[in-house]
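Next come two complexes built around chain A: one with chain B, the other with chain C.
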Partner chain A sequence: MIEPIVVVSNIIDGLLMGLLYSLVALGLSLIFGLMDIINFAHGDFVMIGAYLAWILAMNFMVDPSVTALITVPLFFVIGLAVYKAVIEPILGAEPLIQIAVTVGLGFVLQNIALAIFHAEPRSYPAPALNFGINVGPITLTAAKLVAAAVSLASLLLIHYMLTRTKFGLAIRATSANRMVAPLMGINVGKVYAVVFGLGIALTALGAALYMSWGQVNPYLGASFSLLSWVIVAMGGLGGVVGVLASGLIVGVLEALGSTFITPSARMAVVYLAFFLLLWFRPRGLFARR
Partner chain B sequence: MGLGTRRNLIVLAIIVAVLAIIPFALGFNQYYILLAATSLIFAVFVIAWNIIGGYAGQLDLAPMAYIGVGGIVTAELLKYYGITPWVGMFIGAGASMALAAAVGYPTFRFGIKEVWYALLTASLVVILNNITHLPQVLGSFDHYLPAKTGWYYLIFYRYQNIYYVILGLFVATVLINLLISNSKTGYYLRAIREDELAAEALGIDVRKYKLKALLTYAGILGFTGYLYIVLQGTYSYQTFNSPTSLSIAIMGIVGGLGSIAGAFTSAMFLKTVEEYLRGTIGATIPGLYLLIYGILLIIVGIFKPEGIAALFNWVKKKVGFENRGM
Partner chain C sequence: MCASMLELKGIHAGYGEFRVLHDVNMHVDKGEIVALIGPNGAGKTTTLRTALGMTTLYEGKVFFKGEDITKVPTHKRVEKGIAMVPEGRGIFTPLTVYENLLAGAYTKRAEEKLQDSLEFVFTLFPRLKERKNQIAGTLSGGEAQMLAIARALMSRPELLLLDEPSLGLAPKIVLEVFDVIKRLREEGVTILIVEQHVKNSLETADRAYVMETGRIVLEGEARSLLKDERLKKAYLVI
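So, the complex of A and B:
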């Protein structure tokens, strides 16, 4: 019998993870919603970001989450470069080709990491935030609380950017109709590039936060990619709110699977939910269209 | 409905004749015959993949799910009930087709974006890997086939027999491809691939034809699964291996969507290079061949979506004849 308190604490843990997943998935959702680019390499950027955070943390002896100050701007630039080199040529290509190219990109990133770091997992040995905080009978990891808080703040910031700023308006206008947007004086190419850069920058933020307690191996990206896509499928491109709600659901599902079955089955539970979702709500839980 | 031009069959006969003398040419060196058999079985996989990926244009990333399910069902039937693979392979194929139907039925609904199919198939391999890893299913250790040899078990002391069985399956798979390619189904599938909306508007039951392609493909893979396990020697949860699964789709794309000759060439070539790299520098740079696959995929996707098949067409034009369907 599993004690109720264990279930509750695992669910809270799942909610905290869910916020982090939402942060990573938001970039994917923005990219997919705006330019219809199917990026299967999204999670692999999280993996590269995690290695980068680990290297910086080891060199400067700071908590990996602090390294986001360097990795996020760097990843924005990397995102722009990847957009120019790989994404721009396949804009509007048939989905199969898009997926193929980004799967290829993911393979490249994964196996570069494998060649450099080999398969053993790496983690920061002295994380400053990896201590427990007792809230009544429940113990929470400080690092996860910080990650969740930063994720939530970033999600709100992007929500504000999308709904209240001129650039956000340009993004929404372009995703509503990319033929008409240029007629309204929107530089669509620039919007695409910046949003792709932003999406990749968010993966670096997620990765740096994750490394405060997590460990990275070359295959970390695959699970983040699939999780992000499941969140996007559930969110149904319903903006930041849809992504946030789906991220929390996925986080809790994962925690429940891990609690009631075994930790190795937690992903299977998420995918099973995704499978059922496609059966019953193919346009997502929070679809507007 | 037919097999297309006579030239197709002549080319196939020549290729089969060349493949048939390979064991002799290799002097019955068992290691090389195992490599040849592995390359050939991947050619079967990739040519089967061509039905769903090439003709129907659906990016199926779950070949190892169908191969694994079909193969493991066949192997377990042999192990625990003594059922010969000659029967078991059909049951395995049926199991794979049932699984494929469960995946395809919801995702081939009209108006659902292709990405969900790719995603669902990619996650299918992970799900099966996780589920079979549970101690109640296969657990975390390797399972061995019965230590018996003979045609009843399709397990042989030497590899040339299994090589010829795979060659037979190869011929069957190519013929099925040709049949589909030159039939109404083939034209429908290509229409769906080019423009699903227009195909639906013309009255093609898109979902039905996509499912037809998927079930044919999954059936072939499920049938061949047991032979793959025989070549591997063991089966376990790691039979559901994502990189291998992706590499089959990659070989199909690099070969050129819808081209049997391209699929064959790219499978034989890439698999041989992969085994060579694994045997030589695999220990120092693990995953080098996957890195090469990734780069190839990006290059092909961006610059030459027609793949290796474009090369064949160029040669055919130079030689002075055009040939369709092969």
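So, the complex of A and C:
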């Protein structure tokens, strides 16, 4: 017997999570749209970011979400460095080489986490925001509300940056035609580096928000990577709006699948829906004909 | 000082291991219209791209207004005052017409003159003003070419490189393009143009270079080349 109230509360929970997933996936989407590189280590940056948030939270006894103030700028710089050291050398290389390099990067990050923290999950024992808020018969987690609100604000901010600022124009022009962009006076190398840094910074933000209630183990990256790929593939050419819409869909499917089938089937449900979508709209939800 | 606007000296260039240009020497003087013609695959596009630092340079030097810019990256050459309308137009199709023009004025120097430049290109191409907010990918071929030229002009170039601007256009539009080129010369823009329409371009240009398999094989006054028997045989019969 399925209670309507359970369905509704799952949908709301899924929407909240969907916003967080959109935030993480947006980084992957920007990087892929600009450089044609699929960063297979994307989720592993979320995982490292989550450990970092956990360490800082434990040391300073603050809620993990607050540590974003430190981890986001730090990850931006790390992103610049990773771009220079790992990504720039493989731009325009054979896809197989690009895959090998970014998958390898993901494994390195996982192994670092395994070596330092071992496999047992970590979570912040005294999260300030992990309490319920009752809205009528539905209970929402405050931490998830905060995460969703911050994610939405960040998505809107990046949408504004892309559509209304000069640097956003440079990003969109370079995404549209990277051969011609330098002819406008655009320093394409700089655009690439900054966008990669931004994409990695967003993983740190997502990770810090998530650690307000979640737990991290060295394999956390895999699920964030998978969700991000599905969201980007579904979002197609839709930009921030596309990522947001498909992130919400994925979040809701995951929540419903986890409750009404079994928690371990959550990814299977997401993938089933993804395959169905590809069947009917092979170029994503928002592709123009 | 009577330095050329653009000078290519002993250029050997290509793409990675693939050598295309062999000892190319040419110059474009201030106020000139120079045509570069030759058969498919001769290396005309490669020559223009080399002037902007977009190829692999094995040997030789590039000078802009007497300054050695051989090592200057592409985006900084644009800042210095060289612009190119690339082969195939290369407009940013997902962006609006207006955004394409804004992108053209990306450099600091160009941004300061944005309003002025917009007014200029809109009087040159009134169609673009009408279609300001349209997605560039929906423009017709002729309009897209106008946009590509307008976008290059937005960077306020002293030297404009045009790579087959009339390719695939209806004869009437081709004439319009050549009219614009003459008009630009009056505005003080120096022009190097690669063209398939050999007759039109030789009639418009002051001087011309003929390129075959990566080498300059003929050069001279455009008008005298028009009468050149060898050239007539090769191109004008079509």
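Throughout what follows, the second predicted complex is superposed on the first by the 287 of 289 C-alpha atoms of A that agree within 3 Å, B and C clash if a C-alpha of one lies under 4 Å from a C-alpha of the other, contacts with A are read in each partner's own complex, and residues count from 1 in each chain.
Quick note on the criterion: a residue touches a chain if its C-beta (ideal position, glycine included) is under 8 Å from a C-beta of that chain, and two chains touch if they have at least 3 such contacts.
Every value quoted in this text rests on a predicted model; they were computed, and no experiment measured them.
Colleague: One more residue to check, A:A153. First (chain B), second (chain C), both or neither?
Modeller: Neither partner.
Colleague: Is A:I5 contacted by the first partner chain B, the second partner chain C, both or neither?
Modeller: A:I5: touches no partner chain.
Colleague: Go through the superposed model and pick first if A:L114 touches only chain B, second if only chain C, both, or neither.
Modeller: Touch status of A:L114: first partner only.
Colleague: In the superposed arrangement, which partner chain does A:F274 touch: chain B (first), chain C (second), both, or neither?
Modeller: A:F274 sits against chain B, while chain C stays out of touch.
Colleague: Could you let me know whether more residues of chain A are touched by chain B or by chain C?
Modeller: Of chain B and chain C, B contacts more residues of chain A.
Colleague: Quick check for you: in the superposed arrangement, does A:G104 touch first (chain B), second (chain C), both or neither?
Modeller: A:G104: touches chain B, not chain C.
Colleague: Could you tell me if A:V188 is touching chain B, chain C, both of them or neither one (first, second, both, neither)?
Modeller: second
Colleague: Touching A:V86 in the superposition: chain B (first), chain C (second), both, neither?
Modeller: first
Colleague: Is A:N177 touching the first partner chain B, the second partner chain C, both, or neither of them?
Modeller: Touch status of A:N177: second partner only.
Colleague: List the residues on chain A that touch chain C in their complex, please.
Modeller: The touching residues are 166, 169-170, 172-173, 176-177, 179-188, 237.
Colleague: Taking the complex as given, what residues does chain C use to touch chain A?
Modeller: Contacts found on chain C: 52, 54, 73-76, 78-79, 83-84, 86, 90-95, 99, 102-104, 106-107, 110-111, 151-152, 155.
Colleague: Along chain A, where are the residues that touch chain B in the complex?
Modeller: It is residues 32, 38, 40, 86, 89-90, 93-101, 103-108, 110-112, 114-115, 118-119, 218, 222, 226, 229-230, 233, 262, 264-265, 267-268, 271-272, 274-275, 278-279, 282 of chain A that touch chain B.
Colleague: Show which residues of chain B lie in contact with chain A when the two form their complex.
Modeller: 53, 57-59, 61, 106-107, 109, 112-116, 118-120, 122-124, 126-127, 130-131, 133-134, 193, 242-243, 246, 249-250, 253, 257, 285-288, 290-291, 293-298, 300-302, 305
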